[in-house]
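Naming follows writing order (A, B, C and D), and every chain is counted from residue 1.
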């Protein structure tokens, strides 16, 4: 880091990248997704600049293949309502069973009772109040549940507002993030990918709460790294709670947030006038010529992998680019890794056929590929 | 701060009659075998029969020899499978008898066999057992033999590689008796009140290595080295020629670590340049007449005191094919577990890779490779591992009910890499 | 995946058509497979929406839950499913053969077994969940269901468990089997899309395969757009016909694809060990049928300590055998081992069929064979070898030098003084040797479940399915 | 008829595809008009298949108004409750035809009616009041209840739930729906049920709920009394029933 001058610079550059398009605020899911492909410079820049990747992909004609069924959405909402119904009656039962929550701990506080614009400040003051109660000489009353809290976390200079499902307090004097998900836990097990996604998301809330407490001068350790995951059990609607340790997810998250503040190197490599602006009109419809935007994006290096197809809004655009380039990335990280330094399909096949002379450092992969090609031919004839 | 090693051993022995099971965690070279031998003699002295379980035939033979050496009056039975030929050093021992059936052992004080062999024994119960390398033992093996003993001492290194299977074990994940978990994990999940002791001092790792390995792989428990800085010396008796290989050896001799960094490039796994570098280092180490001095005296670092470690079998094959003297051990991390050398040369698991997989990042793998040496460890790696770690996507699935394992492979790799960077040539 | 498969994928990408990675078929194909395409309601764990199934490609049965949130309709659907699946399964239990065994009583084995074919792994997982959600139900008590439903649950559970068993063909996922025989020019992740994989194999890649309007997802999840625009209004309308028709449009394309996949696989010659594995499948099927007939309880929710260890041992054994058998059956699979130096193939250039070892009575015939090979052999001296050309034989690597490998045949030569004709390869013959051999050590016995040791939690509490199981609502 | 049916099916397929394409392109306007076409095609298809003109779905005869059903439910419960619970009670004890989604606009309608002619009705369904004296989200009460019952402090949701459970248990109905409702409530009260399947014993539920109530009631009563006092002092008639606007409450708070 060389002095103050550079500090403002990247922020300005990132804003120029976004141009007149309004920034897309990060939610917990988006923050959690930062760890999905940290090596991708294109994604890092777009996220850093707060660009709406979904809108960009759509405008480019490569809408992402993500969508949620209305049935799933309804089910999710219904389940969350059930968990919180009647003063969190179900949740109380589970926490009493799982964590020995004392019977007198039932106080419920709905943060949303204040106006929307005050939710965040109100959340802070409630957390502050609750945290004080742990050290106060006089007993200070703190609620057991804080419903609809609104937290904030600074992401590359932008403030992201985050809405955990619920925060529980008074489980051994520590805050626990409660994450309500509608995927099922069947015989004690759930879809590991879904649990991992929930854990990453919950880690964002834990971090946001710890940051808030630290800002307020409290011990961030008051927020437990164990989050309470609430899911339907087996095939019924009855909720079940499981503790999930998110320490690893927290470590990953911290790493990724630190990375986001070090985009200078990536920005330095870009032409000064480069922008990913969609130039929205008054109705918010993008007006930028598609070819121009595609061209601007192609100035940044993507690190496409098939895994992007389930995590990144830009995936179809980048896959198409990889196809045009004939990149072996298309076939997956493992294939790409196996091919050593050979990045293109044509190059690899040329080496296998012997029609291409291996460049320096390619002798070994060339030998392996030629051998593999010989064996394939032998088997196919 | 912590108890002395002797105090820990005393505590362990005192705990034995008080609990059904006692676990002792032993970081690399912390005197696990010494403890096993001590405990064996201690139990044998009570006059009650003892069974000892180890994981491989070499480990069994090793223990037989050690016990017999230290306590020649004890009668030791070495139980083996049909195809086993005992090494000559075993046959020379007076109190040792080798057989394939328990009844042919003539009722010795101690019976030792591999876990696989024990699984075939039945209809007898020993009052005592010692299970060695218990963290590398899969729990289904323990299930097969746990009926043979009443009480047991479990000894092992929690930082090394976890057991594995060729089949997908997801259907058992989260179960307290998941057969793919280690014997100790399953034991402790069912018996959380059993005492767990830790040996606090590594006698193997030099003062230059213990803190690094301790922080990277044993972040919560930790250990220290039994020797101080300067107690171990590695000297190269002939002069160097200033090549990178020589400089790497010199750095290793001086500081206990060296990182021979090759140019950043994505390569095939059997990266020829890296394999050559490894072979050259081994060759030069011998040529330069390395001499190791330690509390055990001064001795030349002969080929049998050198090991080369790698992650994959094809890498091992490629290194072997590079023409090393056959006395030098070349093997995968898996097979180097529990072994000890003066100098190790390691092909970094992430060298030349573009993407790290869970296999490459498994902390136990790097831990084994970085903790086999008494004097120095030379690592060969291509530049770019830091970037690779930085770009690593973190999306590991999470199974409910499975305790999170520490250290995290990524963090451990990062910690070791940071340390190695200070010894780069 | 090996470099060989990677190369095939590269080639497929370049040529625009999938490339073979097997020369024979490694799964058994039934004469009457039951194709089963289940769909589930989005957002629910195991709420069935519809299934298309049958053994006749021209006559699929469509079963639909017109109101997926109605519990009674779901169980009625499960009963309908049982009405199709159970007769198919039960008919096959009738014809059996008696199998003699060494050191054990002979047993009865079905001459044929059922085969369930689903489009993808998701289909297998959903079958397992359906099985789990139905097998503990009761026909009596507070939440009764049709009597066939719990029985269906047990069979569905059995099918799904076999699908996880290495080398079994009782339940196949089309994408998995296709992927074992062809390499597409896309990633293995994308291969999970049946339409995409099929288009790579038959006509070449097509973006239409990813367009849910052209190729609806092969299930069990439906396309969110379809849910919103078609299914939700149809359900809302209360018209069972409309729901059924809507779901038919989502199932029919997949139905055709699965049958087409079966045709593709059927066109490959069957691997030599396939019949042997199918024999084990038949044995397992008869075991399950006997279990059901004896009135044994349904499969436990999860394996106990002893059951888990036993299953793991069986599966590891099966996996090892499957890997070896595929390599021995198929030169293309063996080529993977040749590439890594664990096998080599070449021409016999010299033999010594009369070579013997030992003296007098212990004198044994140990013929020597020298093979010239281009393969990069990475096997140390003394490695035990096997050969697909003479499966009963065992050999040992004696020397390897500059592409000339000397092999000594040590097993399967019989007791004769001279080699039986054909037992030693002739000069000029092409042979292959590999360190991959199927001499798996049997595993030691496990304790009885009641004798589970203290290290593993002690004897399990006896499990009897109770009303709680039957009560679990289907939300 | 077959031809017509085929043609309709083709048309329906085309329209569905077009709608989904429009949705993917986020072209809401086109999607809406296509959807309208689709609905009419589907109706025509239904008509053709069932051989008759579809009748407008018959509403079940509703003798009791939604408003009155909610009133009934709340009276039975005797405490502030969420629409969900009111629906379940109405269903279990009054053979009600309520659906939760019908209750969403209810409170606003009541407030409108009150504003146009204050106290024109014998009772109003109104909102519970939060500690900020604003309307609590998703909690209904009766205007005829004392203010102390209509305000909610931190412990009130639990206290109200336990009181509701007692009220439900006291009904002692054998109706399957009532038993299920009680079972669902009872399992969330410590000591109210065994783990078994048998229907809960109402007397035991009452006893268990009272036992827990005893823990909370003192503080809750104090909190509510204080809130009620503030509400009586600070709020006008309308706000006392339907809650103060949030912002004004805040301003008052700050002014203090």
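Assume a residue touches a chain if its C-beta (ideal position, glycine included) is under 8 Å from a C-beta of that chain, and two chains touch if they have at least 3 such contacts.
Keep in mind that what you see is a predicted model, and the values were worked out from it rather than measured.
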#### Entry: Chain at maximum distance from subunit B, centres defined as averaged CA atoms
D
### Query
If you tally the C-beta contacts for A-C and for A-B, which one comes out higher?
A-C
## Note on the structure
Taking each chain's mean CA coordinate, subunit A and subunit D are separated, in whole Å, by 35
### Summary
Per the C-alpha means, the centres of subunit B and subunit D lie apart by a whole-Å value of 64
### Task
Going through subunit C residue by residue, note those that touch at least 2 other chains and give them in order.
225, 228, 302
### Query
Residue numbers in subunit D touching 2 or more other chains?
24
### Task
At least two other chains touched by the same residue of subunit A: list those residues.
188, 307, 334, 338-339, 368
### Task
Select the category (line, ring, star, complete, other) that matches the graph of chains linked by touching.
other
### Query
Name the touching chain pairs, please: which are they?
A-B, A-C, A-D, B-C, C-D
### Query
In the complex formed with subunit D, which residues of subunit A make contact?
58, 63, 81, 85-90, 92-93, 96, 103-104, 106-110, 112-115, 118, 141, 143
### Task
Spell out the part of subunit A that touches subunit C in their complex, as residue ranges.
65, 67-76, 182-184, 186-188, 232, 234-238, 306-307, 309, 326, 328, 330-332, 334-335, 338-339, 345-346, 348-349, 352, 368-369, 371-376, 378-380
#### Entry: Residues of subunit B that touch subunit C when the two form their complex
20-21, 116, 119-120, 122, 139-140, 142-144, 146-147, 165-169, 171-172, 175-180, 183, 186-187, 190-191, 314, 317, 321
### Task
Spell out the residues on subunit C that touch subunit A in their complex, using ranges where they run on.
1, 3-4, 6-11, 13-14, 20, 23, 41-46, 68, 129, 132-133, 185-190, 210, 222-225, 227-228, 231-232, 301-302, 331-332, 335, 338-339, 374-376, 472-475
### Query
What part of subunit D is in contact with subunit C in the complex they form?
9, 13, 16-17, 19-21, 23-24, 35, 39, 42, 45-46, 49-50, 57, 196-197
